[in-house]
Amino acid sequence: MVYYLGLVGIAAFSITGVIAAGKKDMDIFSIVLLGVATALGGGTIRDIIIDANPIFWIADLSYLWVSVGAAVLSFFGVKFVRYVLPLLLYVDALGLSLFTVLATEKTISLGFSNTVAVLMGVTTGIAGGMIRDILTGRMPLLLGREFYATPALLGAILFIILEHFFPLHEFNRVYAIGIIFVLRAFAIQWKLYYPSWLTYVDRK
Amino acid sequence: MVYYLGLVGIAAFSITGVIAAGKKDMDIFSIVLLGVATALGGGTIRDIIIDANPIFWIADLSYLWVSVGAAVLSFFGVKFVRYVLPLLLYVDALGLSLFTVLATEKTISLGFSNTVAVLMGVTTGIAGGMIRDILTGRMPLLLGREFYATPALLGAILFIILEHFFPLHEFNRVYAIGIIFVLRAFAIQWKLYYPSWLTYVDRK
Amino acid sequence: MVYYLGLVGIAAFSITGVIAAGKKDMDIFSIVLLGVATALGGGTIRDIIIDANPIFWIADLSYLWVSVGAAVLSFFGVKFVRYVLPLLLYVDALGLSLFTVLATEKTISLGFSNTVAVLMGVTTGIAGGMIRDILTGRMPLLLGREFYATPALLGAILFIILEHFFPLHEFNRVYAIGIIFVLRAFAIQWKLYYPSWLTYVDRK
């Protein structure tokens, strides 16, 4: 099940790459590459940092093909969908939730401390999207007052706590993924912001 | 011969870094660093992902010195050349062809599958240029409708096919490098675009 | 003492991340993440390239906590400080000097050549700041005519020379750190530029 959740996350991020390319007048192969970089980028950075060897998508090419397939399908599909851009935020939220929790779990399972696991979870969750945003010249989603990285942090910490009290319980990851997605969906829907004393606005 | 082709590719990308810096009012050492990052960046990412150890330019410092030398020479030379910017595209095409094919070959020789080899070839070919474009704040060459990544993909696949039918034949890489450069040169000269049904233009 | 100098460098770069975020209307957790990425980014790239394993901040979590702590403190502290932005340059200069010399030393101690050590020193010194500048959409400090990378280069070379003549002398790193900071401070104070024949201005 972890395995299929991972593939769903890969597909979700790959689709966000295609949607994000929408404003850029790109060709299909460059768009697919952008989708693949978005989908595999976060996990690649995680595997390089924790020295997991080989990288996950080299060990199992399914990840690569799913990201290619999702990108190609959404390239053709996206033309028939109106109002595509709001979708980007929700699909991105799905990828964020899945990647954060699965990466936290993988890092723990390789014997790293809880602190490293939480940081790697958050990094994996947000890095793919940041690569996408940098490559397409968008304002990274991270860099706003809206809740973005915070749901990932809370979900990763919740997962660690659940694993502590109910080791290896099969629903731990479902709860953690759920809390991230719900928090993020609330943030998108109601434009949840941090209160101003927890944001830094340059008043010059 | 592979070795010297590699050095030519290094020099070509290093020169594109210097040319790209032209609009930025940079000093010589920063420009040389930009050239070196462009020249060594793609191969470094490849070696990190496939865990080739040590990184190619640590194993043989010639790559580093060639990129430094090419950057310094082109820094002084470029002042005497008018119409420098169009040159950027052709020199970049040379680097792209050489890096893509040599990286595909290296990845296969380390025992990875053809799929990984093609992806690493394309990545190595385009990553250096993307680093350059991100650092100088340009629109990455990749992100246009013009053929850029596609010639690299076709060349890498051609190389795999040739190696399958004529294993280790010495002209395989020449054909593959040639096809990438020619396709890319055509794209530059005649502004080859994908047909519109294979590009995604946001109509909002 | 090296150890504590390293922590000071981490704190310095973490603070620059917070200061740089000032223009972006970001929330506290995203700002802390930006500080952490700035502080740990350069050393992480160094450790990945020279294959130091595990990465320094995984081997000793103090680095991570110091960067988090410095980011949180400066987030709240920065609101009470006027004229914050000029400070960015000096704190960045401190981080640059410390990271460059300590990374040069670490690379030598792992048995790499002097050339690789100098390049890794400069890379570690400037990479964290470049990550910060790319993520916040600033013009990277590197990309100006002002002395930025050059002091790091000179300091790293001075360190190598001192180590050659006075092996393991305890003041070697102090001199090298000092020369980088002083050169950089002069550059900030008096807007030191390269002479025009050593800069490349596009005259089109």
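Just so it is clear, A, B and C label the chains in written order, and each chain counts residues from 1 on its own.
Assume contacts are C-beta pairs under 8 Å (C-beta built on N, C-alpha and C of every residue); 3 or more make two chains touch, one makes a residue touch a chain.
These numbers were taken from a predicted model, which means no experiment stands behind them.
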Fraction-based call for chain B against chain A, same above half, different below: different
Degree value of the rotation bringing chain B onto chain C, based on Cα positions, nearest 5: 120
Where chain A and chain B are represented by their mean Cα positions, the distance between them in whole Å: 29
In chain A, residues with contacts to at least two other chains: 48, 134
Residue ranges of chain C touching chain A (in the complex, touch as defined): 18, 21-31, 33-34, 44, 48, 53-55, 58, 61, 64, 75, 78-79, 85, 134-137
Of all residues in chain C, those that touch chain B in their complex: 48-51, 112-113, 115-116, 119, 122, 126, 130, 134, 139-140, 142-150, 153, 193-194, 198-202, 204
